[in-house]
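In order of appearance the chains are A, B, C and D, and numbering begins at 1 in each one.
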Amino acid sequence: MARVGVFVCFCGANIADYVDVPQVVEEVKRIKEVKFATEYKYMCSDPGQGMIRDAIVQNKLTSIVVAACSPRMHEKTFRKALSDAGMNPYLLEVANIREHSSWVHQKDKKAATEKAMDLCRMAVAKSIANEQLHEISVPVTKRALVIGGGIAGIQAALDIADARIPVVLVERSPSIGGKMAQLDETFPTLDCAQCILTPKMVDVASHPYIELIPYSEVIELQGFVGNYKVRIKKKASYVNFKTCTGCGACWQKCPVKVPNEYNMGIDKRKAIYTPFPQAVPNKPVIDAEHCTMLTKGKCGICAKVCDKGSIDYTMQDEIIEREIGAVVVATGYDMWDPKPYEEYGVGRFKDIITSLEFERMVSANGPTNGVPIRPSDGKVPKNVVFIKCVGSRDEAKGIEYCSKICCMYTTKHTILLHHKVHDSHAYVFYMDIRAAGKGYEEFVKKAQVDTGTTYLRGRVSKIYKKGDKLMVRGEDAQLGQVVEVEADMVVLATAVSAPKDNPDLARLLGISYDKYGYLSEAHPKLRPVETAKAGIFLAGCTQAPKDIPETVSQASACAAKVCGLFAGDTMKKDPMVSTINNEYCSGCQNCVKVCPYGAIVTDDVPIGHGSKELRTVAKINEGVCQGCGSCVAICRSMAINLAGFTDPQIINEIVSI
Amino acid sequence: MEAEVKDQLVSIEKPELIAPPNWEPVIMGILCNWCSYAGSDLTGTSRIQYPPNIRIIRVPCSSRVDPWFLIKSLQTTADGVLVSGCHPGDCHYISGNYFARRRFLVTKKLLNFVGFHENRIQFSWVSAAEGPKFAKVVNKVTEDIKKLGPLHLYKKENFEKK
Amino acid sequence: MSFSTFVTDKAGLQKFYEAIMASQETYAPVEKFGKFDFKRVSALAECDPESPIAKTMSIKPLFFPRTAKVMKFVATSAGTDVSEVDEDPLAVKRVILGVKHCDARSLQVLDKVYNWDYIDTDYQNRRQNTVIISTRCDKADTHCFCTSLDYDVENLDAMDILVVHGTDGKEYIKARTEKGNELLSSDVTRHASPVTEEITAPVLKSQYASFAASFRLKMNYKEVNEKLSKIFDTPEFENVSGNCVSCNTCAFVCPTCHCFKISDEKIKDTGVRYKSYDSCNNGYFTLMAGGHNPRPAKYRRWRQRAMHKFVYYKERFGENLCVGCGKCTISCPVNISIFEVVNQVSAAAMQE
Amino acid sequence: MNYTKQIQDIASQLFAEGKIDVFVGYRLNGFDDNQVPVLIKDPQDVHKLVFTDKSVFNLVNYLKTDHTRRKRVGLVVKGCDSRSLNLMLTENQVKRENIYVVGICCEGVTDDAGQKMQNCVDCMVPDAVVSDELLGTASGADTLTYKMNADVAALSNIPLTERAAYFEEVFENCIRCNACRHSCPLCYCAKCCIDQETATLYNGANTTSAAFHALMTWSLHLAGRCVDCRNCEKACPSHLPLHLLHKQNESVIFENFQEHLAGVIPEDRGAFYKYSLKDPDDFIM
């Protein structure tokens, strides 16, 4: 006979203000199986957990119901309390009377109380059918996969590798470095991005524990935490990296010119190229789309000029398979395309450029040798207007969120402009200046004073051409009047947006993403680097816009998580897996077909007691099973049950109110 | 078919049966852990208010939902059921909601065929980020079922509903 | 004591039925999906007292319902309150029309087991409050063999009122018990006239003669009883049950099968205990809690069924449990006939 | 349609060659012109076999009984029966090498009253889709144009309250003998879920609600698998129109998922065991 203990939490005032907790306790005391019920201000606090431990011992309870916040919040906490009292932690059920009652029915205490009672009844009924479960041990493959070789991926890879754990780093482009490699100087210290990044890139290339696979993409991930199998497509580079010395003869002679992505298309690169001089690995690849040898079979100059004979036009894409235990996703971000801002004349006026284009111009290794010039006539601009929040914080045009870095980089741009063109004047149209960060506010203040930039609070409504100038019409909200600024060049602080391939990647990895395409963390505050899928972690802007220090911190946090996961030889796994009742299994193997993880295999068992004749039944691989329950619902014989969510448990819930 | 709400609320399937005064429907909500349950938690954290008629059961995935649960719910306490899972393509378990979607359509049509109003069996995709959507869905389902009146078909005989 | 008899014509019989329906709670065969089942009726148009035997369910459910509530209970921490179920709707005073003789006889047979060591008061109440009006068939159906069994169909006293379609085209309504006599003495017989035994006897006799001559199936039940009791282990049971699909229908439609199972159903704190039909042809009928099943094979279950009908019940109560109605054979999806089974097995025994 | 001679010859030969232990076919029931299934174990009894338009029962049912399990079986199948056999093979209930299949290109069978059965009128797959030997002339019938069941269509078009009332009568008249599932060739579970202890509700009683529960569960377990052989209806002592539930599911599956009819394609497990990204989504909020 079940003996259930029920503990109802006030959650301070969070529950108690909207649900009559004592009445709930009285109601659950009426249930036959409930042998103990009480209330407390904070069940999750130490004294609260102590009450649970004491009651378990004193009342010989066989299962526990805690009526409090969402089980997604404190289920683990209370399970621990059960363990401490010597009880199997899986005999716990949580009735979610905060998120599902007190917080959502704040205007109707009676109804909220009734609902809380029902939720408690359901939890009690479910707990009666709870069974003792034990954690499952699975072996771990101690190798990590890092997807993306920007600063986030580099940092994560280095930190993991420094802990002597092998890392596979996959980068889509020919070189690692990511967006940071395109930056000139970085806020708020104005140190050169290349100077701080390239040593790390070199470390990656030379690290004994890092296997760098550039110019490649992850195409398949199978398995589960600790035991993933990844398939990586290495795109044909047509250059044998083993023999290539990176001398550069090939790209100097290549006749085909292509807009240079690294420089935002401001200048041209060749069809055989390294993205930038400091690239790692510093080996060229052939752009198959534009190489005339590959598209038309004409040319072949690069092969002729290569002393080492490293050019191989017959090279094919290659599939690489690796067994790994954890994944860090660091796919970065895309710059948002400001095309929807038609009133600014985006696309019509050449002298409107984006912030990253400006960044390339002022960069010492950039296409204009560090001097900003007007794309229309090549003149050096004097009056430059910077417009912030282009896309960001604009529900109608772009994106609801704040891109977080634009205030700071625009400030940086005003300084850079001032450095490069001493007689220039910068105007900044802004909504707010968000400078939360160590040294950020000081940086902004100093820049305003040093550069003499004119800050205009307000949105720009229109940009039109007047002669060879651009007229920027906007609102100065502080003066409450329309202002017009004559500009030589306009720089748009375009929003940070999620990589457009993120949804595809998320599907491939089996993780979720939000409405913008950013990958979703397991908990916004308490598990910001984990995903909901065990063993997959997030670093950098692929989760949300963030600046470099934050990205690096998150990458290191990922590394810590991965190292923690690999700390032992085996890993503990939730016991919420499917189980098969051989007696009822008819061996139809439909479950094998619906299992997304291939966790169900077949097994031969005797027909009856002591029989030599065999029949085939299904068998669950506990290590692989993730506990989705697909097999349970399709099993007509009801031979499969999912521990923790068995049919009796759920049906008990249904019939308990 | 539109339910007529007159002075007295009748059961849409059996119009001769009149709802008791102050009748409030009970809706059984079966939510997947990763998207819709998390979404409903977000509704709570955001303090978005919705009608108190829904009772929530947590399951790992919408594919765990056996049509049995719907049938049993409708035969016992519930006047309607809502099953909610991850958006197509977003299933935490890769493909669970695709399998579930087929079962749900057939179950819904079958129950409708044998006499249940189609609004008694409702489905939604609510992601972990869609707190407001969850509230909207519950609002709609509750409203729909209030219009339909109490469910009397094949109820467990002789059990008093509270 | 002699009971009254009335004579009338076809229209008169209908008026007699209508009068009963007007004054009494009446059950009669009602057609649904091509099958007749006994249900509450209030007008003759709803039912057909002359329903064909092959398409009519037995009247057993009116005395031993397919599901009956045994008790209700409320289980809370204060304890478990057990309460009686609501008033038994089948225990009120009522009349059943259109009952076949075999059905009427089945109650006589069942009385024995229900009056045995445990007296089933529910059954008794239902029996006592019911007046059974049974119409004698004019022609046997393909699977009927009531005349071959250990009861006198012609002088059957299992019904309270007997209705016979006379060979002279008239309808004879004859009381067979005090209860029946009482009903006939009320004004339900206002469209019929009393008639004496001298007149009715020959008409009934000739009707019975033509009825008895219409049987396809005839057997010697004594021989079957005797042989079956000796051949428990014959492999012939395996042959006769070969194409059985263990569908259980035979037991559910049988007018004398009386096995049942008990089940509880509980919602919230309130529960009901049910007593429902079960069938010995069901694979897990004999499954024990420990997992052992003494009758796992189909032929063993068939043997049990045949033996219970023709041997065990007879040994204990002196009567065959089978009343020869043929309902099981008609309902059987593969037309296994209990008649054929017992005869085939007995015949095989002869050869041994 | 009369293949009595051929089937007798085939069975004799199979016995003579020692290829089978038992032959499952039809014999006359002994009292009228209707037939019942027969399991022939003795070659001497082969003369009992018949096959005409009265050979109604789906014999695949016998592949799940003690008499045939793990034995070599000769079997006669019509179009619909062969589809259920296909499913039994796909679902690993029988081994193909253990059965010798005599397929029939069926011209339709008749009910007790001599009328062509309704499922035969609507039949889309008259020819056996799996066989070792095919008797008759293949019809080459079109299996891709769905023939909507007239009863289902008619019921779908009446008001909800009337439909509810109609089905209430159906479930009210169910006596829960479970003959439908026992006579179904595809109900082969070791213990039906309805009877399991874990069912905890409606596992014993025989009320209308329990009948509803059992029949709903049953029809959903057969959704995408039912081959419309009507064994269930033949077995139902209350003559309930059970095909309505199955045909309703079949039509929903056919229209919405563009699936083949159950059992027509080898290795096809039915609609619930696969999915398409294009499945309808508009019914979901």
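Here is the rule we go by: a contact is a pair of C-beta atoms (placed from the backbone, for glycine too) under 8 Å apart; a residue touches a chain by one contact, two chains touch by 3 or more.
None of these values were measured; they are calculated from a predicted model.
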Whose Cα centre is nearest the centre of all Cα atoms in view? B
More contacts between chains, A-B or A-C: A-B
Between chain A and chain C, what distance separates the C-alpha centroids? Give it in angstrom. 73
Taking each chain's centre as its mean C-alpha position, how far apart are chain C and chain D in Å? 32
What is the distance, in whole Å, between the centres of chain A and chain D, each centre taken as the mean of its C-alpha atoms? 51
Hey, what residues on chain A touch two or more of the other chains? 594, 634, 647, 651, 655, 657
Can you list the chain B residues in contact with two or more other chains? 68, 72, 76-77, 89, 95, 99, 103, 156-157
Could you list the positions in chain D whose residues touch two or more of the other chains? 191, 201-202, 207, 272-273
Any idea which chain A residues touch chain B in the complex? 70-73, 96, 98-101, 103-108, 111-112, 114-115, 118-119, 122, 503, 506-507, 510, 512-515, 520, 532-533, 576, 594, 596-597, 626-630, 632-634, 642, 645, 647, 650-651, 653-655, 657
Which residues, counting only chain B, touch chain A once they are in their complex? 24, 26, 28, 33-35, 37-38, 40-41, 43-45, 47-50, 52, 55-61, 63-66, 68-69, 72-73, 76-78, 86, 89-90, 92-96, 99-100, 103, 127-129, 135
Chain D-facing residues of chain C, complex: 32-35, 37, 57, 66-67, 142-143, 216, 242-243, 245-249, 251-253, 261-265, 267, 272, 274, 276-277, 279, 282, 284, 297-298, 331, 333-336, 340
Partner chain D, residues of chain A touching it in the complex: 583-590, 593-594, 613, 616, 634, 636-639, 641, 646-648, 651-652, 655
How about chain B: which of its residues touch chain D in the complex? 1, 12-15, 67-68, 71-72, 75-76, 88-89, 95, 98-99, 101-117, 122-125, 137, 140, 153-157
